[in-house]
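We call the chains A, B, C and D, going by the order they appear; numbering starts again at 1 in every chain.
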Amino acid sequence: MTAISPATLLELYESMVTMKLWDQTALRLLQEGRVLAGYHSGRGQEAIPAGGVAPLRRDDYLMYAHRGFGYTIAKGMSLAAMFGDLMANTAGATGGLGAGIPHFADPELGILGQGGTLGSCFGIATGAAFSAKYRGTDQVVVCFFGDGTANRGAFHESVNAAAAWKLPVVWICENNGYAVSVPVAESTAGRIVDRAAGYGMPGVRIDGMDVTEVYRATSEAVDRARAGEGPTLIEAMCHRFRGHYEGDPQVYRTEEETERLLALDPITNLEARLVADGIATDERLGELEVRVQDTIDRAVEEASSAPMPGPERLYEGLYV
Amino acid sequence: MTAISPATLLELYESMVTMKLWDQTALRLLQEGRVLAGYHSGRGQEAIPAGGVAPLRRDDYLMYAHRGFGYTIAKGMSLAAMFGDLMANTAGATGGLGAGIPHFADPELGILGQGGTLGSCFGIATGAAFSAKYRGTDQVVVCFFGDGTANRGAFHESVNAAAAWKLPVVWICENNGYAVSVPVAESTAGRIVDRAAGYGMPGVRIDGMDVTEVYRATSEAVDRARAGEGPTLIEAMCHRFRGHYEGDPQVYRTEEETERLLALDPITNLEARLVADGIATDERLGELEVRVQDTIDRAVEEASSAPMPGPERLYEGLYV
Amino acid sequence: MSQATATRTLTFSQAIREALREEMERDERVFVWGEDVAVYGGIYGATAGLLEQFGPGRVIDTPISETMIVGAAVGAAITGLRPVAELQSSGYFGIAMDELYHKAARWRYMHGGVFTVPLVIRLPEGAKGAGPEHDVSPEALFLSASGAYVVIPSDPADALGLMKSAIRDDNPVLFFEHAGLYAYRGEVPGGDHLVPLGEAAVKREGSDVTVIAWSRMVGESLRAAEQLEGEGIDVEVVDPRGLRPLDLDTILESVAKTGRVVIAHEAPKTGGAGGEVAAIIAEEALEYLESPIIRVASADVPIPQSRYLQQFLIPTAASVTEAVRRLD
Amino acid sequence: MSQATATRTLTFSQAIREALREEMERDERVFVWGEDVAVYGGIYGATAGLLEQFGPGRVIDTPISETMIVGAAVGAAITGLRPVAELQSSGYFGIAMDELYHKAARWRYMHGGVFTVPLVIRLPEGAKGAGPEHDVSPEALFLSASGAYVVIPSDPADALGLMKSAIRDDNPVLFFEHAGLYAYRGEVPGGDHLVPLGEAAVKREGSDVTVIAWSRMVGESLRAAEQLEGEGIDVEVVDPRGLRPLDLDTILESVAKTGRVVIAHEAPKTGGAGGEVAAIIAEEALEYLESPIIRVASADVPIPQSRYLQQFLIPTAASVTEAVRRLD
């Protein structure tokens, strides 16, 4: 296990802070009635998109999940564009089509989008990985999905094909213990990580609250994929701090459970570690947070100034 | 491993001989142009339906596959009715709808039918097993499917649910190495049996050319299921002697390969064993074969005398 | 059936729940499954309280496995149970399409009629700001699913009565519920309120124009009719309450009376079920037509997630009014 | 392109194969995948010889995983390739429905138009004695799949020219091929034969009746037209060669000329695409109609496997003749 450099740790930290502040901002906009779609907070799970995307190159591909905006933030997507999509105005990456969250994409950054039917990601990830291999590039695909989504048949079909064809994909399951209200143990037989063996590929279960574990496991899997050694399944155990979506009464878990989780905050933990290891001071981390918030505020401002689309937008882009 | 009684061995033998002679007869009818649908010969794979159905009770459920008629023969379906369906006349279990092979069923015998889209069996098997448990019976479901069919997403969804809910199903994969022309190694990552672990259920790979292995493994799995201990996956390795369907040019394998297989005939092998172990004489086995052929001939005769349906048949049975 | 005879005011969602409750009380073979139907009570609340009353054996949370949800419901139905399965959104039809179209609808016929397949699949539909895959109204895709019924209530009373009939019917029923209607309140008859499947309701009588509408568009059409009444146009609103079986008699009778037809549904026009209805009229009642048949429907694009843009796309009472005015 | 200009006689299946071969030669990004398409050459022979010419990197046997076949084709298409994916039977549409309807057709629009999705899905359809799940002609289910094209050739020349255009098009194309046509031979123009998508062909001119037919029913309708000519009825046969985009101009022009319409397709009548076509005519060209619009189609039941029973169910030239005679 190679050590992660202080610089990388700081980058991961900044990435997670951006996700957290993004989330806070989105919640505020939601409260203000400025968000024209539902929102699934990613609070608590930042270590996975941060550690799972950081090992990628700009031209590597990303299939992201519906929980928060961490994946695309980490891949470098324009914050203003994402806010624009949140508000369904013309600043959005969808140009105000209001395809909204989370159906935006950026081909330049390898961001391939997201389907509203869970599990859409699997086939598209396999196809993109096939494409990379076909074109003789060494691009890699990372595909994020939840524990609940892992029970879609598309998982089986796509993961099997990718493994049989030794395609460059890294499958990252964020196991936060629930699919909306349904606990993973009630819906899922066995451990998700153990499915890997059935496809003859490596599977690794990690602590998804620790960004260094995620970063290491993903880096290794990306290296394998890039070297032509095929796919890997990573099951990252984690916790969702908030409801499935905003407004979720969370009748399926106790308030104590939710309270207890907050102590596991991946950002606070990394913060403590950075300070303890002398990589950063509280002060410096505080400055970083101010800087990130400032960037986010400017992105909101930029997005807010864009107009809403006109009805003609509906008829654009359906066909080439 | 308990010994299988001589009487059971003889029953299994008779069952397999019935399947073989059924197959021969079907091929003859096909040549005579009397079969109004395609046919997938089950020659070579008789040990699996014989050993996989024999442990079932009359009220246990069967979801069968498209390869041969062994499954329903073993479950006790009327031979004349099956021939009637082959000829699409009113003797058929479908009453001449000519739903043909293999879409016949017999609820009295727990024969639940078959879908033309491969993998239909999985969901229905899970549902029937759920139903048995819900109604508080101790019925068991056996579901047969090919190696190729194992790659359908429905497998994943249904097997996971059955395992999560500890339902009484036995999943029997007949791995004959090919899905039409595609070798299993090209389409399938890992070993099918290893998928069981991913669902936290037992998986066992057996020699599917040996009816005693199939019978033992299935009996054990059926007992587990009946005792409420949940599903089992059995991967029975086997060989298909003939083409995928009649007329298949088999360009995907050499004649030598096909020739070599014939030496592995599960029926000839059992025959030799029965004689060597003093369970039966050649003569007695010969008599048995004559008797079975006679039964089959009478069934063909009975079926042949039935009229074709009239156009009104089309409009019957669509709704209750 | 605590309030055996008194009329009640229920939301559409409560009406569905009451139907489930009454039928589950009546028949032990009836059970409910789907994603988040148990503890959570369904994301639209339509199964709230059922877990508490009937326990986890009959109110079952499934994995996110729509293929299995429908396929296993068929397996349960042909072995003696009466499943009511929920797809959390009808937008997931594509994941279970083989099971809906080829298994639920055809298992009986395909096997010569030896089984019955008594099941109900609940399919919440319609625009709600959840994106192009969710906001669909895909009932037209099941017009050709011979062997199944397609039922679509437009108000709480029909939701209750149709659901109860659907559960009691021995045929598979695809039951579409517009998500925008769940919170809508209405009077519901007391007692064992059953509405027969395949019977249209004339929701408003009129003599000048027939508006054939279902689901959310029934309410919109009634509002349009009121508006048009002021302009001296007397609109009849016919709600087929489903597409299979289709109550042709009621539709053709109305057309024969008015000679003018508007068909209104929320699904985009091309490929919507309005096409089938219009074609039947053009084949069976052309002689009565005094004006082209106008279809009022969403524009021919995927329904975008943005509610802002949806306002330019989704038909309303105004769209019906405008269409009626355009008739010759 | 060895026979650059000479006309050739090809079967429908060979025409598809030639289109694939020519386009694979022209463009390295084009590849083919599906079940048994490589060594086996496809169960209808439509990919025979491609493996030998282009190698296993471009002619790929897939697992029996229709969801993946279509889903991964979308993934390949949005990352620079041009997949031609085969479903071994269009009867498997239900397994890949979410991928066909919501992914292939809508990935572009849904993401604001930032991608193109240049792919072709080959869908063999039609009655052939393979059972109710296989013998379907499900093109109508994609009428509402805005974002995709629906293309349906009826003879070898169109099969070649439409397939080549489909592969070159940057939009997703669902390409239906009637299994009963594969062995049918016909003249095919030489050179780089392209037929534009969305342009109807008047396969026979006539002045009395317009028969709108596609797929196998075009040939049947032409035979019917010959028969009717002897009876003094002059039939025009319009083949839209697909449903999306639909060449309304050609259809409406013909209707304006003849005033009488028969629509013929093999799919069962209810829910078949004839409904959409009839509805458009009833909305846009009612004034020209001198007779009800008659739809010729299969009866409203699943297509049984028995070829014996199929004879009572599947429309033929005689069904078209009979319908035309019934017109006012």
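We adopt the following convention: a contact is a pair of C-beta atoms (placed from the backbone, for glycine too) under 8 Å apart; a residue touches a chain by one contact, two chains touch by 3 or more.
Since this is a predicted model, take the numbers as computed values, not measurements.
Contact with both subunit B and subunit D is made by A, C. Among the remaining chains, A is positioned farthest from subunit B, on the basis of C-alpha centroids. Taking the mean of the C-alpha atoms as each chain's centre, subunit C and subunit D sit 31 Å apart. Each chain gets a centre from the mean of its Cα atoms; for subunit A and subunit B, those two points are 45 Å apart.
Note on chain placement: the centre of subunit A and the centre of subunit D lie 40 Å apart, centres being C-alpha means. Residues of subunit D in contact with two or more other chains: 62-63, 65-68, 91-92, 94-95, 98-99, 102, 109-110, 131-133, 146-147, 301-302. Counting only residues that touch two or more partner chains, subunit B has 97, 99, 103, 115-117, 151-154, 156-157, 160-161, 164, 186-188, 318.
Taken as a graph of touching chains, this assembly is fully connected, with contact between every pair of chains. Interface residues of subunit C facing subunit D in the complex, by the touch rule stated above, are 91-95, 97-102, 105-106, 109-110, 131-133, 138, 140-147, 244, 267-268, 270-272, 274-284, 286-287, 289, 291-295, 300-302. Contact residues of subunit A toward subunit B in the complex are 151-157, 159-164, 186-192, 194-201. Remark: subunit C residues 35-36, 38-41, 43, 61-68, 91-92, 94-95, 129-134, 299, 301-302, 304-309, 312-313 touch subunit A in the complex. By the touch criterion given at the top, residues 31, 57, 62-63, 65-68, 70-81, 83, 98-99, 102-103, 107-116, 146-147, 169-171 of subunit C touch subunit B in their complex. Taken in their complex, subunit A has these residues touching subunit D: 61, 92-95, 97, 99, 103-107, 112-113, 115-117, 120, 122-132, 134-135, 153-154, 156-158, 160-161, 164, 316-320.
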